Structure formats: C-alpha cells, structure tokens
C-alpha cells in the first residue's frame, strides 16, 4: 500500500504539489486524473525520488520512500514508467529488459525474462532487435515488461495511452488489469484520458493546480457529472 | 616500393596510437557527451608517472601498470571533482573547462617533472623486423602497439556488450534519467566511463612514448589527430574510432612523406571538414543524420 | 528645468548609436590621457592589450551572442597579420596604413566567410575540434610557402614613417613629441574603439537580436523566420573581421608575422580572455585582455620572489590562467564582469525591497543567459 | 593623479576639435626630427649601468615545446655570471642577469624585450635565443641602440649586415660556414658518397644547405625537411633511404638526432651519419637513447659512435679540457640542480665572451663604447672557442670556424684541424691563431684584452 501524506513540491517559486494526501491500495489500480498542469507528472516524479519534496511523506508498505534516491526505488519494489515511455532506443529489446532486472538485485534472473516473454510474446520475437525499431504499442509493452523484470509491488505509469491508437490502448489496459489480478500488483496510473483510465481503475484521485479535489471509487467519480465537467473533460 | 611500404607501416603504427586515443575520446563522448580536450595532458601526466617508476629502478611492466592505474584514478577524480558540475550544462562550458584543464596539467607537469626531453623505454625491440632479407618499418614494439590497441578495443566491446556493468554504462550514457529509474547509479557509471577512457588514453600515451622521447607537450598533436580520428569513426563507435585512427595515421604519413611535413595538420583539417560535410555521422554512421 | 534636462538626456540616450559614440568618445579621451602619461614600455603593453582586446571582442560576440565557439581565432589573426606584413614589406611600401588595416580586415573577412560557412553546420565540441584543427593547420601553410610567406622566420613588418600631420597633431594636443611606441599604441586603441563601437552597435541591431535568438533556441529562431545558417555565418564573418584587425595591429606592434606567433596557445589565450571577462561582454573581453597582458609579469615575479627558479616561475602564468579558466566555469560562468553585474543587480534589487527572488540562474548557465553587451541593458 | 586628470579635462574638449583640424596641421611643433630614435646611452651613465652593477637581459624559451634543452642555456650563463660576481664582478660592478620567457613565440619576445629594455633598462641583450623570435626584436634593439650580443642562433642575420644592425653580434659559427666546411670535407674525402640532407625546415636547414651545396651539389641525391615539433620523422628518413643516400648530413636539434637514429633502426637504414654541431650533443643524445635496452641501441654516450660531426667549443664529453674543467667548477659552485650539460656549457661560453667584452669596453661603460670595443678587439678575444671571432667594423658574425670530428667512445676524435672561413665565396683555410690550444686564466675570469 502506498500512502502519500501532505506532499508538497515545486519548481523554484512555482508550487506544483500542494499538500497532496491519498492512499493507493495493494492489488488495485489507482488513477490520478486532472487537466494538463494539474501536477500529475510531478506527483509521480516526487514519489519515485526524481524530484525532491519540499514537505510531506511517502510510504510504501510501511517504509518511507521520501529522501530515498531514485536509483534505489526498484530494490524497494517501486517501478516508475515515465512519461514518453523511456525506451532506451539504442539498446536491444532484451538489453532493455535485462536492465530492468538489474535494478532489483543487481543481477538478472532468467526466469523473469521467460515470464515477461510469455506475457509479451511480441517482445520475445524481437528480443535481439534494437528498441529503436519498435512501434509505439510495442514500446509501451516493452517498458511495462521492463518494469515487471524488477518484480515490483507498486507500478507507477505515466500516460501510457499517449499517442497510441484506441485499439492498442484497450489492449494494454486489458493486460494491466490481468497483471493486477494475477500478481496482486498495485498500479498508480496517471492519465489525461480520464474515461478510459476510470474504466480499469478501482479508485481515482483528481488533482487540480496541485491539490486533491476528489478522491473516491472510480465508479463514483465517473458518475459525478459536475466533477467530470469541471476537471475531467468528458 | 620499399618507401611506400615503410611509409604505410609507419602510418599504421602511428594510426593505432591515434586509434587508442580516439577510443578514449569516444568513451567519454558516449558517457557524458563531452569531448575531453584534456585527454592528452592527462595521458602525458600518467606517462610521467611511469617514468618516475622506471627511474626508481623498477621494471617496465610495473611502470606500465602504474601508468594505467593512475590513468584510471585521474579520470575518476577529474570527472567527479571537475567535470560533474558542468555535465548536462551548455556544451561550451564543458569545452572551456577541459581546455582549462589542458593548460593546468601542462603547466603542472612542466613544474613537477621538468620541461625537457626524456627517453621512454620500450619493452620490445625498437629495431625493424626482417622480412625476406629486407627490414620493414615495423618493430617489435610496433607489433605490441597494434596488438595492445586491438585487444583493448576487443575488451571494451566485450565489456559493453556482454557484461552488466557495460549495460549499465550504456544505459547511463543514452538516457540517464531512465537509467536512474531502473536502479542504475548513473553518477558512478559516468565516473567509471571517464576512468576507463582515461586508462585507454594512458595506454595511448605509453604507446606513443615507448621507444621515443617524451616532454610535457609530446601528446599535443594527438589532441587534434585523435579528435579527427574519432570524428572519422563517428565519435560514438569504438570500432569506428579504431578504423578512423588507422586511416588517418596512414593518410597523414603519406602526406608527410610525399607532400611535406608542414602540411600534415592542414591535411587533417581537410579530412575532418570533408567527413563533417559529406558524412557527418562518420564513416560508420548507423542512425540517420546526426547533429554535429 | 528638470524636463529640459531630461530632454537633453534623451537626444543621445534614445539612439543606440549616439550612446555608443558618446561612450567611444569618452573612451578615446581616456585612452589619449593614459597613453600620453604612460611610459614607452607601458604604451607597447597597452598596444598588446588592445590587439588582444580586439580579437577577444570579436570572439566574445561569436561565442557569447551567437553561441559558437572558436579555437581558431589565432589562425584568423595570422591571416590579418600576414596580409599586413605583405603590404608593409619595406619603408617605401607606400600603402597608407588605414588601407593596410582595411585590406587585412577584408582578407580575413573572406577567409572567415569560408570557415564560417563550413562551421555553420557544426556545434559545440565538433566546432571546437574543427577550429582547433584550423589553428594548428594554418601556421603550416606559412612554412610550406616559404618563398612567399617567409617560412619559420616569418615576414618583417616595416611601419611607415609617422605622417607629419599626425606628429603635428600629437604635439598640438599633448605638448610632447609622439614616440613610435605611443603612435603604435594610439593606432591599436583607435582600432579597438572603432571595432568595439561597430560590434556594440551591431549587437543591438536586428542582426544582433537574430544572433541571440539562434543562440537561445534554434527551433524558436527558425520558426521566427531566421535562417540559422545565415545568422551563424554572419556572426562568424563579423568575428573574423575583428580578428583580422587584431592581427594587423599585432603585426604592427610586434613588427613581425611568423608562424610561431600563432600557435594554438594564442587561440587558447583569446578564449581565456573571453571566459575571464564573461561571454558576450565587450567590457569583459577588454578586462580579460588586460589581465592576460599584465598578469604574467606579476605572477612570474611573485614566483621568483617565492624562491622558484626562472624556469618554474615561467610556468606559473599558464598555470594561473588554466586554473582561473576552470574556476570561472565552475564558480562564476558569467565571467568576472557578468558576475559583478549580477551581484550589483541583486544588491540594487535588495535595496529596492524586491527581496531575494533574483535566482542565481545567470551564474549557472552563462552562455545561454548572459545576453547583455558591455553597454548594458541596465539603463 | 588628481592633478593630471584635472589638467587633461579640457584636453578632451580640445581633442574633438583637433581631430577635425588635423589635416591642416594646426600644431606648432618646433622640432622636425624623427620622433623615434633616442640613440644609445651617452656618457658614463649608460642605461643599466651604475657604480656597482650592470643589468643585462635575455629572452629564452622557458615554457612550451621549444623549451626542453634550450631552457638550460640561461642557467649556465647565470652560473658563470654569479661566478664572476663572486670574484668581484667586472670593474667592480656586479652583473645582474635577467632572463625572460618568450615561449619561442615572437610576440612574446617582443613584449619581454620591451620590458627588459624600457622597463628594466638593461644595458645590453645577451644571448637572446632563436631566429624567428630574435627577428622580432632586432630592429627595435638597434633603433634603441641596445647592444644585442651573441644571439643564440647561427642565422646569418646576426652579423652579416653591421650597417643596418650596428648593435647586433652573432656568436656561434653561422650555419652557412658550417655547411661549407662540412661540404668541402665530404667532397674531398668521400667523393663517391651519395649524400642525403636531413634538414630542419627553417633558416638553420636553409643556410646550411646553401653552404653544403657550394661543394656537394652533384653528390646530393635527396633533401628531406622535417618540421620542428612534428616528432614523426619516419616518412623523411624513409625518403632518404629510398633515394639510396649512404651519407646523411643532418642539420637538426639533438632530440631529432635521437629520433632520426631510432627511425633508422626501425627502417634498418644504416648510412654514415654526419650531424651538425647543434644536433651532435653526444652526451644528451646518449642519455636520450640510453633507455632503449634490448641491445637495440647502445646505452650511454657511446650511442653515437662512428657518427661524424663538428666542434667549435669543447663540451662535456671532454672532461680533461681546461675550459670544461672551469665550467665544471663554476657549475659545482654556482649552478642549480642537475648536471653540467652542453647547453649549460654553451651558456657559460657566451657569458665568458660577454665578460671579456665588458672588460674591453673599459670602466666608462657606454653602449656605443661596448660596440666599438668589440669591433676593435673582438677578433682577438680569448675563450673556449676553437677559432677566433670574426668581429670587425665590417662583420659582426661570430666564431669563424670549426673542425670535423668523428665520435669515438662518446668523445670527438679530430678528423681535420680547425678550419676557418667566412660566408659567401671565402676560402676555407686552416686556422693559425692557436685559439684551440689556449686555457682559461687561473681565476677563471678573463683579463682585459
């Protein structure tokens, strides 16, 4: 379980997060929603240690994450797939995956590789190819697979649907739902596309200008017309 | 005919040294997107370290090892203390910084080790090998030079391609932020990259020095030629650097022998400009057009 | 009364050119006074400072305003110097001095256009490496064409006799006879002032704004309809022209153009001057040139006093330059002038009560953020 | 300061107007002479000379690529001047010797010479090194009337034209006469040799080639030039080898002697080598080559055995020579760290000559007096040089000759007596002055000639 308490962060004088608190339950998908500039990406970056918090705390299953450097997160069970996916295009598919495995224990367990190749057969076919040649959907699969290599308990996903065709988005969300169910993975999903995010999320947190304006079950949020119009744009 | 062969062979040995030097530049470029203009004086300093060991009565190989180790350390220290603050900053700052370092190391070496010519030993013969009754311009040490550079290149390639550390180093170079998210200690990898590069630079220094004369400026011309060789190979590719070094070494040797030694530097400039204009990605460019 | 005064101010303050000319005129007065009171030796030192300053001024425009680095300005100076030497090969050469300088500028400008066209495609380390190769290659040309360019010995430069009207004028103004070294120093400083007025003016015009736009954001500049290549080449050409003038003054001061005068050290020296003073600032370039001219003697003397041998003491000057270069980039990338200006600005803001909001951004990203020229934007 | 500024305030206003008026020549200058020349020092109060001191200066490369080796010359000269000072100086005056670094860059030479002459007010320049460097200041020194003695370079410029450079004196045998003597020796003794020239690409190589070709033009099969600073001479030596040269006359600096020997080994090229004096410092070259073990190159000073060269002053390879014994004593007493080297011997030798020149000029030391004294008695100066100087009113060229030697066990073995000549068509003759047999006075300080 990820617990965020009174988290504040900013860029110079600009406040991007202002006292954000919420929890993301184990084995569930929690969607973080909000308009452009609401602070969603900063939230993920602050949780994973890429950005320093000015105030507040982050706990994952009881251990504090704030003040922990980003490179130690995989060992603590937190995986962050950044916005724009973060495929290292100069490396091969398998090298990308191995890199994911190295983060947890410092070495790669061949069983992990086999597991993700079974989950993503399309990657197994192209394991020796440079990631550069993959399509957008394949890249998204690669980064999720790479994150799974570290056997995370908590997966942070930043805008996985960005720039992908609806059919591919559906496919990926379906896959995520499966993972959450089969592996009791927790997912913190940042999306601008609120409708599809809420369709797989159990819970939703709505941010506006760095503050939490709503935090409820996904179907409750989806049913709240006022909220939808004001913050979610559908 | 014999002159042709000997000029080519001389160029080959020299080219191998340029190759090693270019390799060092490539390593740093890959890891930090910086061209280390201080590479030559760094190598020069480590060669003088070797000379101190030799003067103390120890064997060549101990001196050789001492130079490589001090190269490793010097590279790490320079990256950690001096270069780290400008990484990721404006390109010009890094250029100016390494040039400043160039001047500092030069002056320091002249004060500490003295500004005079010294001879540097070679572990193998400096007499040309005999092939079919005629001596060709390839010495035992020349053979060692060629082998040492090829082996170094092979080891580096293996390191990058087949080891976890190599994978981490490449990831840090290509995408530091993603590498961090995947648990790679990027800072350490960059330090390691500089250390390795400086080690290879030291090797280049030792190979140029062996069986010849050293003084604080003995590596200076290599700054330009090593850079041209690295650009020839594309600045990103270790194999490219070695091939670039070889081509340049042979080409410059012919210019020196058949046109005039005054024009060697001009020839290097012309080659550089041709490559940058016609094939900006270097002779071995894989990816599409690259910003040069 | 107050309005009259204000109006009185605006007639010159309003026009950039006017302001620059006024500063230049003041500068000229200061220069004449200083040169008149300085000894022959100081005059020649000041002449060296002037030609270093001219070249550094050109380089700072290129690097500071346009973001291109050049390690090849020493080579461009060589072209100016050799042109001068070829035109002033004996006392009866007959070419008037201003014409000689103009020719030196013109030839260097042409070469600069070629180099600049090739360089326009390059950036950062590639450009640095290519211009470094240029700096190393050019002296070799003088060696190869020994008959025409004098080889290693170089070409002597014979300064034509000082025209009588100049002697008369100098006497009229200063009340004493004009020595040769003072004449040379006057020439160099006059050239410096003219060059700086042109550079300062240019950098405030549309051309200068384009250079800065290209430096700050290529994509934005391109979208704004600026042709990147053309802006880069024009900056390089202007900078080269300044280097040509500097070369001419150097040839006249040193009375020789020889390959060993244009080693890579010279190019590095110029870069040092520019970095010391602060990229993009003409005042900074001049300050850097002053430090380079006067510091070696001081540092070497200090070294000798501290008990070092002549040989060791001689290495101190480069050691100090190098260290200063490293430290400036690490601690105060805006250079001495830039840092001082930021500090001043911060103090003024603090006094005005606007508090601490001025961040240190100028200190950490100099080349992309110090955009002001010496005739600053503070007015 | 304040006063000066006040006085010049109205000056500024005048200036603008004056610029406009300038063409009309609005001045009122009384004196029409040319403003530059202030001439040599007159009377007993010559610049740089006091009751008890004489200040002299020199420019040398102490930093940079050219510094190795050359930076030792001033340490030798300084040791000798200190030695003389310790014995009471010259006519009761202590010699203060200022050395400035020019990094072998003419621009720097010009500025440090300005400093020495205008700021430090040296009496004379002594031993300034290098052809391109000294070229930059020779006019200035002569315009200012500063004695410019014993330029450390064998270029003809230092003394072949006393009319235009009345204050400049050469010291070592110029490269042309060395070339002539070598050329004649080879033509007479090795008429069948196929001669290759290995030349430094500057006045050194050029002047020497001119001298050599006077006698050997027919025999020369190749002339290769190397650029100082480019240490890869492989292509040049390969060129000599390809041309079939079996005798190489090399006019290069000592480091290039070592480099050329190494490259020759590499190429299996074994001609007879004949290095000019500059490059044949057996001790230095030997120490440079000594590291190449494996029996490839003999260690120590024997590494140049069998090589021919020339001599004009005794060097450290002749420890029994009375001059070298004096230098050793001077170095032990007043030198810095390090061994006595031939560079230091060179510095001491010209310092010795300069002390003699000072003595010759007498107690009332003036710049012009010094030059006159040199023109009068310069040809008769004692000293380590094997042949006399050529100094006269018509020539300021230095030592008139040398002898050809072959290096055996690290020391020169005479192949000819001392031969003297002059530039141009002058005959080559045996020297009969007896200069090579002399010894320094007991005190080690010359007496007034």
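Details
Just so it is clear, A, B, C and D label the chains in written order, and each chain counts residues from 1 on its own.
By definition in this document, a residue touches a chain if its C-beta (ideal position, glycine included) is under 8 Å from a C-beta of that chain, and two chains touch if they have at least 3 such contacts.
Because the structure is predicted, anything quoted here is derived from the model rather than measured.
With contact taken as defined at the outset, chain A and chain D are each touched by B. Touch-path distance (fewest steps) from chain B to chain D is 1.
Using the mean of the Cα atoms as each chain's centre, the chain most removed from chain C is A. Set side by side, C-D and A-B show the greater C-beta contact count at C-D. If each chain is reduced to the centroid of its CA atoms, chain C and chain D end up 36 Å from each other.
Chain A and chain C have centres, each the mean of its CA atoms, that are 54 Å apart. Chain A and chain B have Cα centroids lying 43 Å from one another.
Rounded to a whole number, the gap between the C-alpha centres of chain B and chain C is 34 angstrom.
The multi-chain contact residues of chain B, meaning those touching 2 or more other chains, are 107, 110, 115, 220-221, 260, 262, 264. For chain D, residues that reach two or more other chains under the stated contact definition are 62-64, 67, 71, 201, 227. In summary, the structure contains touching chain pairs A-B, B-C, B-D, C-D.
Residues 2-3, 6-7, 10, 14, 54, 107, 110, 115-122, 124-128, 130, 134-139, 142, 211-213, 215, 217-218, 220-221, 253-254, 256-258, 260-262, 264 of chain B are the ones touching chain D in the complex.
Residues 48, 50, 70-75, 79-80, 82, 86, 88-91, 95, 98-100, 102-104, 106-108, 132, 146, 150 of chain A touch chain B in their complex. Residues 62-65, 67-69, 71-72, 201, 225-227, 229-236, 238-239, 241-242, 254-255, 258-259, 262, 265-269, 287-294, 296-297 of chain D are the ones touching chain B in the complex. Residues 63, 67, 69, 71, 118, 121-126, 128-130, 132-134, 136-138, 140-141, 143-144, 264, 268, 271-272, 275, 279, 311-312, 315-316, 318-319, 321-326, 329-330, 333, 364-368 of chain C are the ones touching chain B in the complex.
The touching residues of chain D, counted against chain C in their complex, run 4-5, 8, 11-12, 14-16, 18, 21-23, 25-29, 31, 34-36, 62-64, 67, 71, 74-75, 99, 101, 103-107, 110-111, 114-115, 117-119, 131-133, 135-136, 139-140, 143, 155, 201-203, 206, 227-228, 336.
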